[in-house]
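To start, I am sharing the structure in question, which I have written as structure tokens.
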Amino acid sequence: MFVRINQSATSEQIAAIRSRATEAGLAVYEEPSARGLTLALLGPKGFDEKLGEQIAALPGVNAVARPSRAYRLSSQEFREEPTVVKVRDTVVGGGSLTLMAGPCSIESREQLFEVAAGVAAAGATLLRGGAFKPRSSPYAFQGLGLEGLRLLAEARERTGLPIITEVMEPAQVDMVAEFADVLQIGTRNMQNFSLLNAVGRTRMPVMLKRGLSGTIEEWLLAAEYILAAGNRQVILCERGIRTFETAARNTLDLNAVPILRRLTHLPVIVDPSHATGKRWMVAPMSYAGVAAGADGIMVEVHPKPEEAWSDGEQSLTLPMFSRLAGELRTIHSVVSPLHENPGEALGR
Amino acid sequence: MFVRINQSATSEQIAAIRSRATEAGLAVYEEPSARGLTLALLGPKGFDEKLGEQIAALPGVNAVARPSRAYRLSSQEFREEPTVVKVRDTVVGGGSLTLMAGPCSIESREQLFEVAAGVAAAGATLLRGGAFKPRSSPYAFQGLGLEGLRLLAEARERTGLPIITEVMEPAQVDMVAEFADVLQIGTRNMQNFSLLNAVGRTRMPVMLKRGLSGTIEEWLLAAEYILAAGNRQVILCERGIRTFETAARNTLDLNAVPILRRLTHLPVIVDPSHATGKRWMVAPMSYAGVAAGADGIMVEVHPKPEEAWSDGEQSLTLPMFSRLAGELRTIHSVVSPLHENPGEALGR
Amino acid sequence: MFVRINQSATSEQIAAIRSRATEAGLAVYEEPSARGLTLALLGPKGFDEKLGEQIAALPGVNAVARPSRAYRLSSQEFREEPTVVKVRDTVVGGGSLTLMAGPCSIESREQLFEVAAGVAAAGATLLRGGAFKPRSSPYAFQGLGLEGLRLLAEARERTGLPIITEVMEPAQVDMVAEFADVLQIGTRNMQNFSLLNAVGRTRMPVMLKRGLSGTIEEWLLAAEYILAAGNRQVILCERGIRTFETAARNTLDLNAVPILRRLTHLPVIVDPSHATGKRWMVAPMSYAGVAAGADGIMVEVHPKPEEAWSDGEQSLTLPMFSRLAGELRTIHSVVSPLHENPGEALGR
Amino acid sequence: MFVRINQSATSEQIAAIRSRATEAGLAVYEEPSARGLTLALLGPKGFDEKLGEQIAALPGVNAVARPSRAYRLSSQEFREEPTVVKVRDTVVGGGSLTLMAGPCSIESREQLFEVAAGVAAAGATLLRGGAFKPRSSPYAFQGLGLEGLRLLAEARERTGLPIITEVMEPAQVDMVAEFADVLQIGTRNMQNFSLLNAVGRTRMPVMLKRGLSGTIEEWLLAAEYILAAGNRQVILCERGIRTFETAARNTLDLNAVPILRRLTHLPVIVDPSHATGKRWMVAPMSYAGVAAGADGIMVEVHPKPEEAWSDGEQSLTLPMFSRLAGELRTIHSVVSPLHENPGEALGR
């Protein structure tokens, strides 16, 4: 249940509420906001009417609300203000435009550094790059691993860009966390609950990609695993879903952007590279993603896409990214005010 | 096959090419362009190498090309320049921004005229309204029929807006064509081939909605039925596809917009009302559609959505539409130049 | 609403109930059964509580029930006993095993008669054959048309097999009905409501194929169009749905078989030829369809599949069909008792 | 590449072939069969024509074949005979009928032992039961964990049934392997490559469930991870895919059964409980699965489904399972010969 605390409540009163919840076997999560503190009291059982009444009667409690969604901490019922994820000197969410760019796989020092310098110059806000690569076939290139992480850290030194990279299993989390600024959970692992728990325990920013057949509700429940483990720094990334249409690799589901804006406080990034699989679709779908209200995009960039070890067909060149970054800043400056002040009349 | 004619070819030479094709049992379609005339010679059999060589050898022939797609007349291989569909004093395509708006169903003179006047004042370029309604249940309201068509014509008189309305069966085509400026083929009829043939024989503008599970190739082949029947005035409308996700009514497939821009010369409209089923999603998905490069949008507008006889949940009010129309003009003015001049470097 | 009539009700009482419904603007449908007569009183509005009470109070009325499904006449709430569709000397449904077989398209007298004789000898119960073919491309072979219908009728003369063939538009219904024993509505026309109305007015057996993305509820509502138009002779045919999987042409949804058995009284046929697109999958999926409880199968058979003008890859040869027919009779004899007497304990 | 070895090849010759492959950086896998030994030489790069020719020229080599599929060891190109997985005193595959049954979650000693005794008496061949449960929500019951494993082992002692249970992360593999006879990889983990590698290193039987949106090719590539890690004891389990249809929980894709029979040598189990989510669908879909050619089924059984902690709606009672087991043995005895001897004529 959600418990709204009176502005005037004393810390003793709050402690009493917490201990009543703990007695009842519930975990307690706090959410301070301008309008006061909210507590989420969560456990394996559903809403307990009687306990709700008891807690509502405690001093310092303004109101008790029953969650209407299966996800709790990721819901706007718990937190209304958008979550802004701080990543070194940049932020994701809160009206900013995030541009994550870099190669699909880290292939070599030269390749990574050339891309890193180029995307930094073009105004990227984070550098992406895969060191551990999930590949459908066991015989495909699986990434440079630890060496890739070291190269990423070096690229950060050179460019100042924070880095985001994928982590694939719980046992890797500590190692990847040592190097990365944002941990990425890939689409195949959206419901790898052990991994979600593991990154939830790090308190580091995590970007959770939507599964190929993940519903929006399942996606928010997956985010909930991370939040419930104690980590509120979660970014969602729409990267296309699997449908009957085969003209592009996947179907970018931009409906998800306004739906998430209504359901959750977490920031939303769009990845048009994986959603389309085609270089010439990246720019128009990036425009569309930003126009739909996304907090930014993640795109793949390679100095020579035709020589890329993976996903070359969808990688932008550096000049393409440079032009795109400028275009997106322009579009964002136009649409951002529309989203921030939708007005009652628009029903938004 | 496609036959590029020399600029210097005489009309006798062209006539000879046509008659050679006719002898071979092929239908002949002409496409004049700034760079000269192209003929499409089409028949039930595949490309005939020998006939191709014979025609390539005829005087006046520049080159013979084998189609690489199953659709022919709707392909950019046949026509490179965008098709601009003229509808009374307005156009669809060619860099313009089309705003089709109006009620889902025509319910009464008052309702229609109030919406028509409102959307005209807000800058809509076409008035939509359903007189014949395809409904999943035989017991649901099926539209006002002929009376609805008469009201639409009257609304056109009053506002000057051309009208678009759905036609559901071949036997209705003449009657609807008498009143409408654009014939709409609904999503359930995308592969109603008899109906496609019937509207193809009218030579009137036709808007073909994508089927719920229609691939882009099937959609272009459906358009091909209309073009092959002699009607080049075809507009495509993306209105959402059916996927596993149930958070919105359908999944708006904006990937389709850049894909169609690459494959066909026909203009593309996006319908966010049916694709989402939710009023509060219409504005962001309209932004996204225009940003992706669509030639315009079709939205449902109702004076009192909560009282609508059908689809009230997705209808905008008049003030909402008025605001949205202005926003879309702004976004279009920003993104339109990006799409018109993509540049080699962007691979677009 | 559904009105159960007392066994002892007089015809005057029934007439009074009917006229009360007619006054209220409702259409009246009768369903006699061993346990007495049921009336369905149906109109565009939802259940009218007050009218329901008034009718419940009329003499001769046993009970008034509110429909729980959007479809009414096709629901088991209206009719519990399985509908058995009589087609000349054979029946579809009611525990029999229907084997519909024949060529995809009728190509020639020789081809059709060879297949017809062969499948008759093997024990087919109906002959299928396409005279009007819905084809994705306007340039593909569209069927022999009227000539094909005449050949079908001749094949029926020779073999005694009743014939089933597709009708594609309302204006064709009379012509096709003159020749066919069962009118087939193809998958692309599942929601071609004008066509459903037209075949509903014929009172002839109709087989309604499921649309590629038709939900089971939409499918039953499509059947409802035919029933509401006055035709109760409806057979449903599951022929595969469109999903992300491309290893076969479509995904045969056998879940639909037990679901339909629970929701409707209409018989269910399975078409493994179109659902798989591959000859070597037809036998195992036919076994599975019959095992799941279908009333029969429809398969494509061609004397020389490699020379077929359409769908050769999925056609069985005559020896294959002959063997399959025997196998299915064996499987049916084993599973049919399991389905007919599921027992309380199985929850079926 | 695949290398067929001459029957007369000496062990020195084989050793020379192996060392040539190792020099070239390829891993070597052996497959002995009645017709002789086959080697698979596999590495990250594609087929090397030149190396292929060199190896073809080595003494003892009969032929070198280029794989036509992305999966190699799971393909029939590598091994033609069906893989029979030995699990204690029972087998999966090879013409036997496997019946895996038990509760969704292990809830208590009493619940598990009652089910275990009941399904053993009814002829189940394996006992299933979840100790670690993947749950969409972090607040749902996550299983009894280690205690559950201990109860499973005790149930095996009492009934003699081998046990299958899910493992969710690499770090759990050793612990689960200590108790289980078959390790189950759940649908959400089909592409959890770290986990696939981990169970691949155990050399224990593994049952790999298909992902909700996993294509058949991706599924076989996931199996390939396990095989490539050295474990050939892999069972595949079709458990429904995600489609637009919501009448059942998922869409059981029985097309997959004949497709897998053609592509792979691995045994295939069908899980109608998860694929339908409804008790009354379990029996008909089990019939259909066995009829389609599956090697067996996995079903959920609970003494009191209405009190189950998870998935009660889909659990059979013990009497239901008992009846179903008998029915499936009958159906299997009828269809098994049809699948084993398909005959050239049927193209199967």
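Just so it is clear, A, B, C and D label the chains in written order, and each chain counts residues from 1 on its own.
Rule of thumb we're sticking to: a residue touches a chain if its C-beta (ideal position, glycine included) is under 8 Å from a C-beta of that chain, and two chains touch if they have at least 3 such contacts.
Remember, it's a predicted structure, so these values are computed and weren't measured experimentally.
**Q** Treat touching chains as neighbours: how many steps, at the fewest, connect chain A to chain D?
**A** 1
**Q** Starting from the mean Cα coordinates of chain B and chain D, work out the distance between those two points in Å.
**A** 49
**Q** What is the distance, in whole Å, between the centres of chain B and chain C, each centre taken as the mean of its C-alpha atoms?
**A** Computed from C-alpha means, the inter-chain centre distance equals 34 Å.
**Q** Find every residue in chain B that makes contact with two or more other chains and list them.
**A** 213, 242-244, 246
**Q** Sort the chain contact graph into one of these: line, ring, star, complete or other.
**A** complete
**Q** Sort out for me which residues of chain C touch chain B in the complex.
**A** 42-44, 70-72, 134-141, 168-172, 188-189, 191-195, 211-213, 218, 221-222, 224-225, 228-229, 242
**Q** Spell out the part of chain D that touches chain C in their complex, as residue ranges.
**A** The contact residues of chain D facing chain C are 213, 215-217, 241, 243-248, 251-259, 261-262, 275-276, 279-281, 283-285, 287-293, 316-317, 319-320, 323-324, 327, 330-331, 334-335, 338-339, 342-343, 345-348.
**Q** Note which residues of chain D are touching chain B in the complex, please.
**A** 213, 242-244, 246
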